[in-house]
C-alpha cells in the first residue's frame, strides 16, 4: 500500500530557549490508523501536538499533512486538523451553543446547527447547551471541547492526554467517536500516560524519549504487560 | 475573499457579544475616561481663557488611558481557557485574528468616545457635534489600536502586563496623540494656520503603515 | 555541536579597539586644541562635538536593532537576537549620554535644562523605546519569548521613529515658543568645525563597533555555555 501518509514528520526539532525538547523526530501515519504515544512528563508530547497543530513553530524539520507542507499551507491545512488539549478553548461567558456556533462559522461549516446537534447528542450534552460554559462542571466543559475539536470532521485528530478530566461515560463516548464507522478516514495521534486507556485504542504504540520516538511497534504484536515493562524502562531513564 | 471577511466579522461579533455579556468592561472604560477628565480639570483649573489650550489635551489623555485599559481586557478575555490557541487553530491566516481583534476594540473605544465627547462638550462649553472631530477620532483610534492590539497580545504573556503595556504603547503612539490633540484644537478653537489637513494626513499615514506592519508581525507574536 | 570561535572576532576586536583609541585621541585633540571658539556660546559649544556623535550612535545602534530583529524573526537564529540585544544595551547607554550632554549644553547657554527641539525630543522618545525594549525582555517569562517579542518591538519602533520626528517638527511649527536652544540655532558651521565634527563622528562610530562586537561575543559565549549545560541535562 503505497498511498501517501496522512502525516509525515521529518527531523522535527524544537527548543525552548536553551532547552531542546524535540530532536530530529520522525513520524509517519496513514489514514485509518491510531497512534498512541507514551512519554514521561516533559518528554515533549505536548510540544509535538502543538507543533503539528500549528500552535508552535518548529526550529528545524518538515511536517507534511496529506503531502502538503504545514509551514506553507498552514491556514488551508487547519481545516483538516482537530486538536484537543488540557485547555478547552471555550469562552466562559458564552453558552455551549454559542461557542460551537462560533467555531463552526470560523471553520466555514455549512451545516453548523446540524453538526452541533448530532455531536452534542453523541456526547450527552443536550441539556447543557444553553448554559454559560463557565457554569458547567469541568467534565462537561471537556466534553464540549471534544465536540469543538471534531466539529469540522477533521481528517487529522491530535489529542493531548484526552482521558484527563473525563469520567467513564465520557471516555467511552470518545472511544465510540474514535472507532466509529469513519475511522478509516482519519489519522489520530493520542498522547497519554494511561496505559490501559491508550492500549485499548491503539493500532500503533510509541514512546517519546530523548526528543524523538525512541520505540515504536504495532499494537497487534504486543502484549500489554511486556509493553509496560518497556515503558517503565524508559521512564526510569528520563532526566528529572 | 470569504476566507477573510467572514471570519473577521465572526470574530468581531463574538467579541462584541462577550463585551455585552460582561457589561463591567465597557462601563469601567467609560467611567475611567470620565474620571481622568475630571481629575485633569482639578489639576489645571482652567480659566475661560486657558480652556482652549487645555481641553483638547484633556480629551485625548483621557481617551488614551481608557484605551490602554481596553486593550488589556481584550486579550485577557482570550487567556482564560487558552482560547487564543483556539483562534489559532481556525483555518484562517494570522492577520484575520489581528483584524478581528482590531475592529472589535476600535468599536468599543469609539463607543466610549462618542459617549464621552458630548459630556466634554457640556463641561467645557464647545459645540456638541462637529463631524470633523469624529473623523479625527476614528483615525486616531484606529492608529492607537493598531499598535495596541499587537502589543497587548504580547503583554498578556508577560509578567506585570498592566505596567508594561502603556510603557510600550505610549511612546509609539506619540504621533497619534500629537496629531489628535492639535487637530482637535484647530477644529474646536479655530484653525488659523490651516493645519488640520496636515494632521489628518499624518494620522492616515500612521494608520496605514502601522496596520500593515502590525498585521504582518502578529503571526510571530502568536506562534511560539 | 558546539564549534569554538564561530565568530573569529579576536583580530577584529583588537583592531577596532586600537582604531577607536587612536581616533578618540585625535578627536579630543581637535575638539579642545584645534577647533575654533564659537562666537556666541563660547567654550561650552564644544560639547556639540560630543553630543552630535553620541546622538548619532544612539540612532545607529537602533538601526542595528532593527535589522537584527528582522533577521531574527525571519531566520530564528539566536545570534541575531544576541546582536539586537547587545545593540539595544549600548544604544540606551549612548542615548542616556545624549540626553545628559544635551542638558549640560543647554543650561549654561540658554538657562533651561531641556528644549523641545524635534531632534532632542525624538531622541528622548528613542530612549523610551529602548527602555521599553529592555523592560519587555526582562518581563518575558522565557528567553525565546523575550527574543521574539523584543524583535517585534524593534521593528515597529524603528519605523515609528521617523513618524515621531515629523509629528514633533510640525508640532514645533505651531508652538515655536517652546523651542529654544543650541540646536535650534545651529547655523552654518565653519570648515574646521565640520572637520572636527566628522572626526569625532568617526571616532564614536568605531567605538560603537568595538563595544557592539565585545558585547555580542560575550553574549554568544553565554548562550553557547547555556546550551551545553542544558544538553548535559543540567547541573
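The chains carry the letters A, B and C, assigned in the order they are written, with residues numbered from 1 in each.
Rule of thumb we're sticking to: a residue touches a chain if its C-beta (ideal position, glycine included) is under 8 Å from a C-beta of that chain, and two chains touch if they have at least 3 such contacts.
Worth saying up front: this structure is predicted, and the values here are computed from it rather than measured.
Trainee: Please indicate the chain closest to the centre of the assembly, with centres calculated from CA atoms only.
Mentor: Taking the mean of C-alpha atoms per chain, the most central one is B.
Trainee: Compared with chain B, which chain's mean CA position is the farthest off?
Mentor: Between chain B and the rest, the longest centre separation is with A.
Trainee: With chain centres defined as C-alpha means, what is the inter-centre distance between chain A and chain B in Å?
Mentor: 39
Trainee: Report, in whole Å, the distance between the mean C-alpha point of chain B and the mean C-alpha point of chain C.
Mentor: 31
Trainee: Just how far, in Å, is the C-alpha centre of chain C from the one of chain A?
Mentor: About 49 Å, centre to centre.
Trainee: At which residue positions does chain B touch at least two other chains?
Mentor: In chain B, residues 224 touch at least two other chains, as defined above.
Trainee: Find every residue in chain C that makes contact with two or more other chains and list them.
Mentor: Only 144 qualify.
Trainee: Could you check chain A for residues that touch two or more other chains and list them?
Mentor: Correct list: 16, 57.
Trainee: Across the complex, what residues on chain A touch chain B?
Mentor: By the definition above, chain A touches chain B via 16, 50, 53-57, 74-79, 81, 83, 85, 87-94, 98, 102-103, 105-108, 148.
Trainee: Provide the residue numbers of chain C that touch chain A in the complex, in ascending order.
Mentor: Touching chain A from chain C are residues 76, 142-144, 223, 226-227, 229-231, 233-234.
Trainee: For a test of understanding, state which residues of chain B touch chain C in their complex under the given definition.
Mentor: Contact set of chain B toward chain C: 147, 150-151, 154, 157-160, 164, 167-168, 171-172, 174-175, 178-179, 182, 193, 195, 198-199, 202, 205-206, 209-210, 213-214, 217, 220-221, 224.
Trainee: Could you list, by residue number, the parts of chain C that touch chain B in their complex?
Mentor: Against chain B, the touching part of chain C is residues 73, 125, 128-129, 131-132, 135-136, 139-141, 144-145, 148-149, 151-153, 155-157, 159-160, 163-164, 166-168, 170-171, 173-174.
Trainee: Which of the residues in chain B come into contact with chain A in the complex?
Mentor: Residue list for chain B touching chain A: 2-3, 6-7, 10-11, 14, 17-18, 21-22, 77, 80-83, 85-93, 223-224.
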